[in-house]
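The following pair of complexes shares a single chain, chain A, combined with chain B in the former and chain C in the latter.
Presenting the complex of A and B:
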C-alpha cells in the first residue's frame, strides 16, 4: 500500500495529459449547467458602457496576438457585442501587430448580425508601434497621430470620426492584452478617459491594484471574465461554454496536487521507518 | 462551406495537432510547424508595420506628396546599422543614447500619473465613514499586508529584532500566498488556451459541438 502511495509522486506526465484532454472533451460535449457569479469588476465595466454618453467614442486597444487568442478573443467578442447592441461607435487600435486584424475578424462577424457598417459604427486605426510615444501624441491630437484609417481613408472622411475632435471626445478605452501594457495607458492618457481592461489570467492578478486605486473602471480576467460578461449580456458564447471544462480541469489539478502530497508524505514516512530500523539494527 | 474556409479549417486543425503532439514527445512534425509559426509571425509583423505605419505616415507623403524632408528620419534610423562596422559604430551609439534619454525622460514624466493614485489609495480608513465590518476587515488585511511586505523588503538593517523579524516573516508568507494566486491564475490561462483549441477542433473542424 505504502509503495503504491509513493508512486503517486511520479505519475507519468502523459497519463496526466490524457486525463486532462479526456475531461476537457467530455465537458465540451456534455452541456451541463454551472452557476455563474459576476465579479464587481465585470459589473463595473458593464455599467460604464451602459452609462456612457451617446456622443462619446470608445477605443478598443487590441494588444494581443494569436498566442493569447484563446482568452482575448472571447473577451473582445463579449465587449463588442455590448457596444454594437447599445449602438456605441468604436475605433480599433493595436500595439501588437496581429491585434487589430484579429479584432477586425471578430467585429466583422458581429457587424453582419447587428447590421453595423464600417465607418459609421466602427473603424480601424490599425497597428501602431511605440505605445508610449503614440499615446502621448494621441492625447495631444488624434488626427496628427492617426492621419488615416487602415484602409487609407483620411480620418476626416470617416463618418464616425467627424464628431470626434480630440481625446476629450473619447469616453472609454478598453484594452485587451496578454502582457503588461496597461501602465502606458495610465501614464499617457488624461483622467477624463475612463480605462478598462480585458486581460489574460496570467497578468490578471497584477491589475487588481489599479481597480482599488480607481485607475481602472472595469476588469475582465481570462476566460472567466468573458463568461461573466456573457452572463451580464444574457448570451451563451465561447466564454460560458469554456467554463465547464475549465472547472473540471481545475478540480483534476486539485486532486492531483492532493495525490502528489500523499505520495510525498508516504515517501517521508518510509524514509523515517527505514532510518528507525537501521538505528535499531545497529 | 466554401473551399477557402474548408482549407483554412483543415490547415488550422493540422497545425493545432502538430503543436499539441509535443505533449507526447518532441518530434519533427512539431518542430516544423513551430518554425512555420515563427516565420509567419515575423513576416506578418513586417507587413503590418509597412501597411499601417510606414506606408501611410512615411512613404506616401515622401513619394507622393513631395515631403522630401521625411528622408531625414529614415537616414538617421539607418545609422543603427553602423553597429556592424567597428570604425563607424560610434554613430549608432549616438542614436541609442538619444533614445535612452528620451525613454528615461518619458518614464520619469509618466511615473507620477501611474504610481501617484496607487500611493494615495494605500491610505485606507479603518473606522468611521459608514464602513461595513467587511470593509473594515478588508482594509485591515490590506494595511497589515502592506506594512509586513514593505518590512520584508527593508534590507538596510538586520532583521534580527522581533519587532522587525516577525512582520518580515509574515510579509514573506503573504508574498508566497500572492505568488500562489498568480500561479493558480497562470494555470487557468494555460487551460483556457488549450480549451480554445479543443473548441476549434471539436466545433469548427469535427462539427461535434452545438
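Presenting the complex of A and C:
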C-alpha cells in the first residue's frame, strides 16, 4: 500500500495530459448547471455602462490577438452585447494588429441580431501603433489623430461621430487585453474618461491595485469575468459555457497536488522507517 | 480640450504650410527622394565629425527631444509654446513605429536566409518561414487589390486562399499554442506544489482558495453559508476575492512602485545619455 502511495508523486505526465483533455471534453459535452457569483469589479463595470449618459461615446480598445482569443473574445462579446442592448454608441480602436479585426467580427455578428448599423451605432477607428503618442494626441484632438475610419470615411461624415467633438465626449473606455497596456491609458487620458478593463486571467492580479486607487471603474478577469458579465446580462454564452471545463480543470489540479503531497509524505515516512530499522539493526 | 488649437506653437504656421501637409503624385516622390538625400547627407556629415563632437551632438539632440514631453507634462495647463507640435510629433512617432515592421522583416529574412543558404540544422523550418511569409503576402495583396467578388459574402480564389491562411491557419494556430499552457500548468502545479515548509503551506492554501473561488464549483462547497450572514466572508468566492484585491494587490502595488522607480532611473539615464555605449560611442 505504501509503495502505491509513493508512486503518486511520480504520475506520468501523459496520464495528466489525458485527464486534462478528457475532463475538458466531458465538460464541454455535458451541459450541467453551475451557480455564478458576481465580483464587485464586474458589477461596477455593469453599473457604469447602465448609468452612462446617452450622448457619451464608449471606446473599445481591442489590444488582443488570436493567441488570447479564448478569453478576450467572450469578454468583448459580453460588453458589446450590453452596449448594443442599451443603444450606447461605440468606437473600436486597437493597439494590437489583429485586435480591431477580431473585434469587428464579434461586433458584426451581434449587430445583425440587434439590428445595429455601422456608422450609426458603432464605428471602427482601426489599428494604431505607438500607444502612448496616439493616446496623447487623442486626448488633444480625436479628429486630427484619427482623421478617418478603417473604411476611409472622414470621421465628420460618420453619423455617430457628429456629436463627438473631443475626448470630453468619451464617457468610457473599455480595454480588452492579454498584456500590460493599461498604464498607457491611465497615463495619457484625462480623468473625465472612465476606464475599465477586460483582461486575461494571467494579467488580472496586476490590475487590482488600479481598482483600489479608483483609476479603474470596472474589471473583468479571464473567462470568469465573461461568465460574471453574462450572468449580469441574463445570458448564457461562451463565458458561462467555459466555466464547466474550467471548474473541472481546477478540481483536477487540486486533486493532483494533494496526491503528489501524499506521495511525498509516504516516501518520507518510508525513509524514516528504513532509517529507524537500520539504526535498530546496528 | 484641444489645446493645440488655442495658440499656434513656435513656427507652427510655417511648418503646417510647408511640412505637415499630405503630398500626392510626383510631389510625394520628390519629397521622398529629397528626404532620402537629406538623411544620407546628414548621416555622412555625422560620420565625418570627430567622435567627441559626434557624441556631444547626439547627447544634446537626445536631451532636447526628451525635453519636449517633459515640458508638456510639467507645463500643460493652457499649453506651452511647443504644445502645437504634440499631434504632428505623435504622427511622426507612429510613422517611425511602422518602420519596426520593416526592421523586423529584414532581421527575420537575414537570420532565416542564412540558415537556408548554409543548410544548417533545422533549415527546413526557415524554408517554411519563407513559404508562409510569401504565401500570406501574395494572397493578402492579391485579395485586397485584385478582382473583388461579384456576390457579397463570396470569395475570389485569392480571397479564399487568404481566408484559409489567415483565419483558418494563423488564427487557429496561435490559440492552439496558447492553450497548450493548460496541460503544462497542470503538470507543473502537480510537480511543484509540495508542502515542504510553512511558507509553501501558506502559498498552497491561498492557491487552493483562489482556484476554487474562481470557479462556480468552488462556490458550491461553501454555498451552505448564507450570503447575508456574518460569516459570508468565509464563502470561497469572497475569500478568493479578498486574497486578490487585498493581499495580492498589496504585493503587486509594492512591485509596481519598485519597477516604476527603476523605470524612472533608467529613463533619466537614457535622457541624459548616462548609459554607457549610447549614441555613437563607437566609430560608425
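Here is the rule we go by: the second predicted complex is superposed on the first by the 282 of 282 C-alpha atoms of A that agree within 3 Å, B and C clash if a C-alpha of one lies under 4 Å from a C-alpha of the other, contacts with A are read in each partner's own complex, and residues count from 1 in each chain.
Simple rule for what comes next: a residue touches a chain if its C-beta (ideal position, glycine included) is under 8 Å from a C-beta of that chain, and two chains touch if they have at least 3 such contacts.
Being a predicted model, the structure only gives us computed values, none of them experimental.
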Which of chain B and chain C A:148 touches, first, second, both or neither: first
First (chain B), second (chain C), both or neither touched by A:137: second
Chain B versus chain C as contact partner of A:28, first or second or both or neither: first
Partner chain in contact with A:17 - chain B first, chain C second, else both or neither: both
On chain A, positions contacted by chain B and by chain C: 17, 20-21, 24, 65-70, 98, 128-129, 133, 136, 201, 204-206, 209, 212, 222, 224, 246, 249-250, 253
Residue ranges of chain C touching chain A (in the complex, touch as defined): 1-5, 86-87, 89-91, 93-94, 96-98, 100, 170-172, 174-175, 177-179, 182-183, 185-187, 189-191, 193-196, 204, 208, 211-212, 214-220, 223, 237, 241, 244-245, 248-249, 252-253, 256
In the complex with chain C, residue positions of chain A that touch it: 11, 13, 16-17, 20-21, 24, 34-37, 39-41, 65-70, 98, 102, 128-130, 133-134, 136-137, 139-141, 144-145, 166-168, 190, 201, 204-206, 208-209, 211-212, 222, 224, 227, 243, 246-254, 256-257, 259-261, 264
Chain B-facing residues of chain A, complex: 14, 17, 20-21, 24-25, 28-29, 31, 65-71, 73-74, 97-98, 100-101, 126-129, 132-133, 136, 147-148, 150, 152, 183-184, 186-188, 200-202, 204-206, 209-210, 212-215, 221-224, 238, 241-242, 245-246, 249-250, 253
Contact set on chain B toward chain A in their complex: 23-24, 37, 41, 44-45, 48-49, 51-53, 56-57, 103, 106, 109-111, 113-114, 117-118, 120-121, 178, 181-182, 185-189, 191-199, 202, 208-210
